[in-house]
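Next, two complexes with subunit A in common: one pairs it with subunit B, the other with subunit C.
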Partner chain A sequence: MSTALPTDALPIDDSVPIEDIGERHLMPADMTVSEVTTLVAGVTENPAPRGWWMLFIPAVLLAGLMFACIGYLVTAGVGAWGNNAPVYWAWDITNFVWWIGIGHAGTLISAILFLFRQKWRTSINRFAEAMTVFAVLCAAIFPALHTGRPWFDYYLFPIPNQMNVWPNFKSPLMWDVFAVNTYLTISVVFFFVGLIPDLATIRDRSTNLLRKRIYGFFALGWRGSHRHWQHYERAYLIFAAISTPLVLSVHSVVSFDFATSVIPGWHTTIFPPYFVAGAVFSGFALVMTLMLIVRAVFGMHRVVTLKHLDLMTKFMLATSMLVGYAYAMEFFIAWYSGNEYEWWHFFHTRIGLADSTGQRSPYFWAWVAMVSCNVLVPQIFWFKYARRSIPVMFVATLLINVGMWFERFVIIVLSIHRDYLPSAWGIFHPTLIDMGLYLGTMGFFLTMFLLFVRWLPMFAIAELKGILPAAQPSHAPDHHEAPEAPAGELSPAPAE
Partner chain B sequence: MSAAKESPTYRITDGGLWANAWKVSLTVTLLGAVGCVAGYMADPHRFAFSYLTAMVTALTLVFGAIFLVVIQHLSSAFWGVTTRRIAEFVLAALPVLAILFVPLGLSMNTLFEWSGTAPESAEHAAPEARSDASGELTLGVAHAQEGDEALGEQEVEHTDMEVALHHELLEHKAPWLNRPYVLVRTVVYFAVWLLIGLGYFRWSTRQDKTRDHALTVKMKQAAPLAFIGFASTMTFFSFDWIMGLEPNWYSTIFGVYIFSGSAVAILALVIVLSLSLMRSGHLGDAVNLEHLHDLGKFFFGFFCFWAYIAFSQWMLIWYAGIPEEATYFHRRWAGGWQAVGYILIFGHFVLPFLFFMSRVIKRRVNLLRLTAIWMLLMHVVDVYWLVMPYATQEPHFAVQYIDVAAMLFVLGAFFTTMFVIMKRYPLVPVGDPRLPRSLHFHQTQ
Partner chain C sequence: MQIFPRKLNLLPLVLGAAVFIAGGAVTFVVWYYFSPKNLQVGYAPDQPVPYSHRLHAGELGLDCRYCHANVERSYEAMVPPTQTCMGCHNIVRTDSARLEPVRQSWQTNQPVAWVRVHKLPDHVFFDHSVHLAASVGCVTCHGRIDQMDVVRQEQPLSMAWCLDCHRDPGPNLRPPAEITSMQWEPDEAWTAQVDARVAALNPPIHCSGCHR
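Presenting the complex of A and B:
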């Protein structure tokens, strides 16, 4: 035949690594299908380990703090926050953007990496999808409260009414409402569709009736027939295709909130892709932080291997440099434009050069925190040691999320605390409610997340099985199952 | 495919269409050269811009090729191994562009208003107007915005104040935008591209002979640095040679915009060339529908990405309405350029988006070829739209024979070089350890 290439009997199957070009097995070679089921479904069946409770109790307390702060804020008014002239957007919007950004990793991993056939996504996609849903919920709290009278928030939706009052469709803040709601809807549906076969697995393993009924209800009568799988695969692909533009659109629209203005530091054309890169960056970092904890608490070292973590750190390094590119462009253009307001913002307010009166920006440290955490810290992942060391990863990913919070703080607060009128300058002082609400959303997020980990399959069981070495046609040469394989050419080792 | 048995070596055989392709290409080049000479004699000003358009078109193919080759090593991808060599041939032809770039270096005074004038000349231009430069400049440009048709006249009849402020701006940028420094930078850009391009081409073709897996490791290890070097040089090349045409204008996304167009162009080119080589039977069964489908998806993704970047740039400038920024689109919305804008919106995005979305179209060879050729054409329109509005004092869209001649000459010379190189090497990286996977690759979705 025409396969006259001297292929040196190299594998045609990408689950068989070519060792001498640095490829390694993604999953442990001896991992079996039943081990995956037992490990993942076991978490929902066995009593929670002590580590889970140690996280869950403080998380619930913090979530309680969130509700207390919301209650106070709604009764007392937005004045309970520190927002004041000229900083009308402060922690609230910072937190909103931060949480929305974190929500991006989920869709990226489940949709884009799926379309790119990245097999390593199977160990993190479920995790990230769940995080997406919870992070978007946390994010939505802030603008909803910031409207001042949240009981009128339904005005944000274009509901026909007899007064013919409509939202202002020209406002990017309105676009946000649609973008975030679309994103939330699709993410929830995508998350749920992906769960169906695994819920059925848990249902089938259930020993008590209540469990069987509840998981059975949500498994939507899944029987694992070929027809079911065919529909499922197709639906999954369609959702991936729909979600992919959403990864870009949501954070682009969030960036429009700022970039459509004329404020130096807010208005710049690179904002949409820059925000998307930053969102993916921070989302990946939080996925990794939580993954490291869960991996330790539930002993999932064989599902999330060092190879997975290695790939994730590389991904973060790449997105960190995309963010760094955007920072560099902003600074270069701030000088290149010859616009003195741009110059002032970037070189006085951010990097803290003294102005003509010898004054320095009070927020220089915020910019330093942002750049060191987002651009400098990830550079450690150039080193193989750092990509394999759990403590280094853990600290680095935490720092990245701190840095990404500061990025939004720098963009939002630094840009408006020095406006065009020096007599109106001011700085932002967060109140206890600001801090309580922010911490509270973290508690709420963690609570939801821990409940998810405890009661739902935190790894995509079916997808994981699909990438096991055992699932590949080339795995068991004694079976001779692949009918299209002309002997001697396709199977790597037919001699045995 | 059907002709597979004839060419197991994946080489261009003597006496076919492809063996003689360079002759056709050379003829086109010579025709273009004649046109260029005539054009240069008739209108050296126009010629400089036409030539820049052609050079940018060819260079964006190289940008795209660097991206396509390096990203595959970076991500250890195997689906694209069988078509990677075509992008590598684009890289191998880069030296000819380096030589052809020399005339541009010589015509900088024509192309750029900041070139050739000593920065000091602005010193004595109306010093009283120099306080609060940007604020008043804004007013100055705002005048020019008031009527579309009046733009040209206003540009001619600048007030002394406006002229002085404009000088001030150029003076501010003089440390960056001055001829010697831009030339030095351009040499650096080309050095980086040649290093990456020829480096990857050499490694890959050496692997054809040696089958050395260590070369794959080397190419992967070099990939991150190559990517960083490429991204920064490409960005600043776009700033210097395209954004610099309108030195008062700036956009932080501009480098990304050029990148997005480059990626579209290279994928279109790889699709077109793969299909043609397949048809002549030179690729055997190395490239099949599965590879084309994947290339098609990538291609589709990138022209959507182009639209996303183009929209982001336009929408933010339009919405904010800051006069200094709006000049860019303002110039492109007068004198017949509106039509080109519409062609880009519909031709570069809306129509191909609707047409090419379906899996069926991506897997129909003729329709795939049609879309790819169309997008190559649209890419030329895009580059034309970037450069040519500056060829005339007033915005006035009219394609001239010089534009066509320069395009034929530069692209002709580029492809002639490439076609000659193609005859000497296998058309598929036969030594790549991931090739067997790529050959047997099937889409499961």
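Presenting the complex of A and C:
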């Protein structure tokens, strides 16, 4: 039954029920415990494939661009950005929200899907957790620079000082500082705790002492005893429980930055759930984009199967429709409220109906880009063909992240470029520093991500083993030759 | 195989202690040494003329406003022009060597380059006239000028220090007639009416009170 499968064919043996409940194997039925270890730990042990270098070198160059842009911005001042009256928030805040949103998939996958016992998360959770940490770091760069004098950023924290200056706790921007910092802290701790058993695996496989010591240091003396596992599982569960509200709270707080103001286009009660749905949407999209690349570069087709990708596209389809609902609801409220400013903002500025003077919005294209990428493109995932086609998924997820960037651009720039008085109208023009910094954060993100992929176990080895056919108590041994007992990596792998 | 020596078991303890001690040390250094109390109080630059406030304001008893004449009407307490000095010194001690720079300034019509002692950042709009109208004494912020040969900064002039008084101005108010007095102490008659004055004063504690 379980024959060698072509790498991208559906590697799911439909005739092997895991249990009477009708679940099916997520990974190829002939996957063995030792294969998982060799595959995942091997990445950190073998020389990097050429594909890795082809990504890493441009990523480092772009990261350098980011530091150059930051250096210029700090010495020249925020005037180096295109922000100006009335568009005081532009690409910087757009990029901030975009990156923070991307970070949300990590916690959703590692915490919420864990609590819901979604076993398919095991192939993507480590990946997504790492992405979360890096994305939040990239996000934090923008508001830190947006303050204009980054060396005074410590004002953001409640530190007793000689000026008696204290953060204004009535300000959502302040809540943001706490939300993002909490999120970063918990994400880092969660990521690290999950890594411990796998770091120990790599430590035990290491042949040279330095490697043993480095991985051993971070493995915190893990020996894999039952007591260790018991504590580990409990800690993991607790962190999942702590992280779960954060998935909802962080982007809700980010949305308050806008929703608590009185700008048409921002002053909307639907913002918190709308932002959270969008965040999960974009996060899943980027996880998938990178997953498809890494899967190809490192040949991980047997760990991340089409079944996983299929489930992820369904998640994106669902969140895309949530976002689409929010878009529609904004227009409905703009009409239903009878508020002329709301109406003007949505029907003139966004969809470009001519106003009474016959003028048309200069930003119509941004709204079109947002809706086509975020609502129309994901509809393709209704079709099974699209959910199984790597090129379609790759292009679609890239477009989704373009669309999600435009969503933030539409919300931020479109809402403020038309002030209440026509004398205070303006258009935003990005400068080279704006563009360089945005591209640069992508490079910075990719650099950290590629280093992670190269030096840390990119899949949760221990958790993957837990969903192998061999780990199922009901597993009928006559199907194929998997080890009888739940063996560690020290047991010899059975021959195929 | 043992990859770490046994004594490394102490590492978490040592790291924890190190973070605690280093963190505490950094906090203390910044908290104490970076404060205007440490960095600014005691600033007493050399002046081009060895003018003594102790002699003029203390022993001779000149009123502060004789030289800093506009202080009740202006943001700045002006530094007197050479003409003010020469008003007396073209009669008194006309040949003193220490007054040579003043006479030179008088002849060349170039002001004496006095060095400013009490400095505030550019983003602070401090108004002397408002504070005198509220009857805050000179001595409150400048200390016992009448005892200083060389003027030195007595108070930190930090924002917290400003706000301390803006939040509770009572102890620093005095009768309007006594604003330039260096020795005045509150008496019973004053303590009886100070609360009413404070209530009428209502000093600003919002940002734009001092930063515009």
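In the analysis below, the second predicted complex is superposed on the first by the 450 of 496 C-alpha atoms of A that agree within 3 Å, B and C clash if a C-alpha of one lies under 4 Å from a C-alpha of the other, contacts with A are read in each partner's own complex, and residues count from 1 in each chain.
The rule is simple: a residue touches a chain if its C-beta (ideal position, glycine included) is under 8 Å from a C-beta of that chain, and two chains touch if they have at least 3 such contacts.
Predicted model, so just to flag it, every value in this text is computed and none were measured.
Once the two complexes are overlaid on the shared chain, A:M163 sits against subunit C while remaining clear of subunit B. Once the two complexes are laid over each other on the shared chain, residue contacts for A:H429 go to neither subunit B nor subunit C.
Once the two complexes are overlaid on the shared chain, A:R213 sits against subunit C while remaining clear of subunit B.
By the touch criterion defined above, A:H301 lies against neither subunit B nor subunit C after alignment on the C-alpha atoms of chain A.
When both complexes are overlaid on chain A, the residue A:R149 reaches neither subunit B nor subunit C.
Greater residue coverage of subunit A by touch, when subunit B is weighed against subunit C, goes to B.
In the overlay built on the shared chain, the residue A:K384 is in contact with neither subunit B nor subunit C. Subunit A has no residue lying at the interface with subunit B in one structure and with subunit C in the other.
By the touch criterion given at the top, residues 4-5, 8-9, 76, 78-79, 132-135, 168-169, 172-173, 176, 211, 213-214, 216-217, 220, 228, 231, 235, 239, 248, 250-256, 284-285, 297, 304, 308-309, 312-313, 315-317, 319-322, 324, 430, 433-437, 439-440, 445 of subunit B touch subunit A in their complex. Partner subunit B is touched in their complex by these residues of subunit A: 2-8, 10-14, 18, 20-23, 115, 117, 233, 237, 245, 248, 252, 256, 259-262, 267-273, 321, 325-326, 329-330, 333, 336-341, 490. The part of subunit A that touches subunit C in the complex is made up of residues 160-165, 203, 209, 212-213, 216-217. Residues 1, 3-4, 31, 35-37, 156, 158-161, 163 of subunit C are the ones touching subunit A in the complex.
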